[in-house]
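The same chain A turns up in both complexes below, where it pairs with chain B and then with chain C.
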Partner chain A sequence: MKSLTLDRASFWYPATASPALRDLSLEVAQGEVVALVGALGAGASTLLLVAADLAPRVTGGRLTGAVTRRDRSGIVLPTPWTQLSGMAFTVWDEVAFGPANLGWPPHEIARQVDRALEQLELVSLASRDPATLSGGELQRVIIAAILAMDPGLVLFDEPAAELDAEGARTLWRLIRLLAREGKAVLLATSALDALADVADRIVWLEDGAVRAVGTPDLLADVALCDAGLGTSVATVWRAGGLPQPYPLTVAHALQRWR
Partner chain B sequence: MIPALRLEGVTFSYGPVPALENLSFSIAPGERVALLGKNGAGKSTVVRLVAGLERPDLGAVWVGDWDTRDCVPEQLAWRVATVFQHADQQLFAPTVRDDVSFGPRALGVGEREVERRNRRALEDLGLTAHAGDHPYDLPPALRKVAALAGALALEPALLVLDEPTIGLDRVLRARVTRALLDRSAASVALLVITHDLTFAAETLERGVVLDRGRLACDEPLAGLLGDATRLEPLGLVPPPVAALSAALDLPGRPVREAEVARELARVARGRPAP
Partner chain C sequence: MSRLHPFTLLAIAGSLPALAWILPAPAGGAWAAAVALVLTLTPGARPGFTSVFRTAVLTAAPFWLFLLLLHDVPTTVAIGLRITTMVASFVWLVATLEPARLVEAMVAAGWSASIAYLLAATLSAVPVLKARARRIVEAQRCRGLSPRGGIAARLRALRALALPLVLSALHEVDERALALETRGLVPGIRRTPLAPPPDPALEQATRWALLLGCLAALVWRFVLPRLT
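Up next, the complex of A and B:
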């Protein structure tokens, strides 16, 4: 079942003449992880804001076309520190802030908060003041705070940006788990090398429009490599002048090399 | 030669929470150092100490021949330029151009020189087209690049950057790399916190790794980045290109993309066709 459908959506930020999204159609199904890739300014972050119903409702601007959401959404912004409530003095309370504002009963709030803290490996930080956390720890807290609201559609903008290798591994595993639980996940990331194991579909955005859609193999495509959007392994394989098809990952490269 | 930066037995805590313990290392002029480690290892605390925003509980931080305990941050700005983790908080002027000019103007640099530095920093980072934009109209990743342009315009002896490549595409990352290599060639020392080991491999030469506030490792990146067994206990994973180089046992185990591509091509030419 479709969680999110955009049908020929175009979006203009306030006081701009050219659209940030152009005639864009996209569906994200429950249980699916869709990754948006593109050059900076291609429209991935804008698409996430539209999907979250923040654009134009909060940003201003103008939206045309149709956007249909079947599920409540939650978005992790690329500036997670701006998502802190500022009203909580422990990590536990911060993560509970969203569920509490949904008017849930205390036992349900506690269940969701404890679960989210466990999923993000934050249990040991539950009583810490969010103001004392490192950037990566804070990013995990914000992700937990969004997941504790149990959104059916989860939107991530550069969710691994401040995470260390272990934190990033945990996050990518969690995103697959969310999909297995039936959530729809739409994410934008410049961490292209992680996507082979995470995304079901890759959507290549260029200048606010969909340029191509495919499986993660798309990230080893010549055109994507030329656009700087191939995986590191595909890109270096191409730069070495080795024949196509380019390998997506180190494991693929080893198979090709033998 | 006096190091651009020297930490001598630095210990620091945030109240009851220890952040750094007896940390010592130094950076020579022109040296390009990656400060690596898990989240919470103390990396950003080092940045705050070097920028003079915190004072060590024990030990000393030297910037050139200045002891930071004797300096206020605005004095250190003559030698150190910093891009903080959340660089949004560094941007406040109504245009990118004004923001980049603010630092050198505050140091009393003449207008013609301010203009030269401004133009160079914006050109080097591909921001010229955004010079008249409000910084907050830029995407978050570009805001960080704008903050970096402001740091470059200070023309410091030491550049300290906290996660400079978050959200950047390959083209912009390459621009950042080029700009930093240029500055390093002109004897500017670099201390760069990053989880992006692909960027580190391309741009930096030495890895200082922290583990729970202590120095865990200090050695050339070229040898370290391809060695998964040594990286793993430090909470690091080899970048894919270095992992490929190691997996294929390429001669010299290069870790930079251009070198790996060259070795791949050379070895492939010498192999029988599949």
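Up next, the complex of A and C:
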């Protein structure tokens, strides 16, 4: 079942002549993790805003084409501190802010908040003041806050940007778990090495349009490596002048050596 | 004081200026200003709000100066006391009232969550702007601009502070709108109150008493003289 469908969608920000998205078609199914990769300005963040129904509704601008959302979406923005409510004394209250806005009964809010805090390993921080958290902790709090709203379509914009290595590993495991629970996940990230294990499909964006779509093997593709969007292993392999096809992961590289 | 129900804090902060303007000057204004200034000395200010009394006095002081330039001494005292009451009440309210508690109280009372958030955001604007101004001053210092020195240097520093402060505040409005949408705060929602502040009967009675007191003062001051 498709959770999100974009059909020839183009989007212009206010007072701009050239579109940030151009004739973009994409489907994301329930239980699927789709990763958007591309250079800065390729349109990944804009695509997430459109998918979240924030562009043009909140940002302004103009959208053409069709966007169909089957599920309620939740988006994690790249700067977690801007997503804080500013109305919570504790991490628990902060995570509960969204579910409370949905008008759920208190017992359901408590259940979802406790579950999200556990998933993000935040239970020990539940009574802390959000203003005293580190960047990584804050990012996990915001991810928990969005997940506590139980969205069917989860949109992540650089979700690991503020996380340390362990925090990022927890996040990637969580994303796979979300997909197993039947949620559709659309993810924009520059943490390309993680995508081999996390994403079901890779969408390469260039100048607001889809340049290529494929399995994570795409991240070892010559064209992607030339664009600086290959995995570390593929990039090193290429830099070493070793023969194509480039390996995607360390395991693939070892297989090639043997 | 900060543990009082948000509506009680609002009622106190609203009724003092009202009484200052309704009651005969200068005694009414003096009485209301004294109460408001005493309130600024009571403990219970939110974290980050220090010297509430000093802030109130320093904010009211320029008004006295301008009044003295424009009016005679009795008029200056009469209006100055009323303005001091307004300023002190507002400063005390901002320093004491937790925006999050106001939202909870308003939502529990059936107000729209968006309107509650709008009011609460106004109260939180002061510390947010203060923190941002501090960051901008630090950033400008790193770039060699000193906020000290003569009047010309201070004016240059003020311009370097004001422009980024205003522009970033405007930019923040866009960011906040987007962020709050992502957290489900959209027009027309029926938010579930998470922890509505307790509203004891005594406080409810106090609020009614303050309202009735203001109405009685209005009648005594303006209606009764016309009847007699």
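The rule is simple: the second predicted complex is superposed on the first by the 258 of 258 C-alpha atoms of A that agree within 3 Å, B and C clash if a C-alpha of one lies under 4 Å from a C-alpha of the other, contacts with A are read in each partner's own complex, and residues count from 1 in each chain.
The rule we apply is simple: contacts are C-beta pairs under 8 Å (C-beta built on N, C-alpha and C of every residue); 3 or more make two chains touch, one makes a residue touch a chain.
Treat the numbers as computed from the prediction; the structure is a model and nothing was measured.
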item	value
Which of chain B and chain C A:Asp150 touches, first, second, both or neither	neither
Which of chain B and chain C A:Ser134 touches, first, second, both or neither	first
Partner chain(s) touched by A:Asp221 [first = chain B, second = chain C, both, neither]	neither
Which superposed partner A:Asp71 touches (first chain B, second chain C, both, neither)	neither
Contacts of A:Leu163 with chain B and chain C, given as first, second, both or neither	first
Partner chain in contact with A:Glu32 - chain B first, chain C second, else both or neither	neither
Which superposed partner A:Val233 touches (first chain B, second chain C, both, neither)	first
Contacts of A:Gly41 with chain B and chain C, given as first, second, both or neither	first
Touch count on chain A, higher of chain B and chain C	B
Common interface residues of chain A - those touching chain B in one complex and chain C in the other	none
Residue ranges of chain C in contact with chain A within the complex	98-100, 103, 113, 117, 120-121, 124, 128, 174-186, 189-195
Residues on chain A engaged by chain B in the complex (per definition of touch)	38-41, 45, 78-79, 81, 132-137, 158, 161-169, 190, 193, 228-229, 231-233, 235-237, 239-242, 249-250, 253-254, 257
Chain B - residues contacting chain A, complex	14, 17, 37-40, 44, 85-86, 88, 139-142, 163, 166-172, 195, 198, 235-237, 239-241, 243-244, 247-248, 257-258, 260-265, 268
Chain C-touching residues of chain A, taken from the complex the two chains share	52, 54, 58-59, 74-75, 77, 82-89, 93, 96-106, 109, 145-146, 149
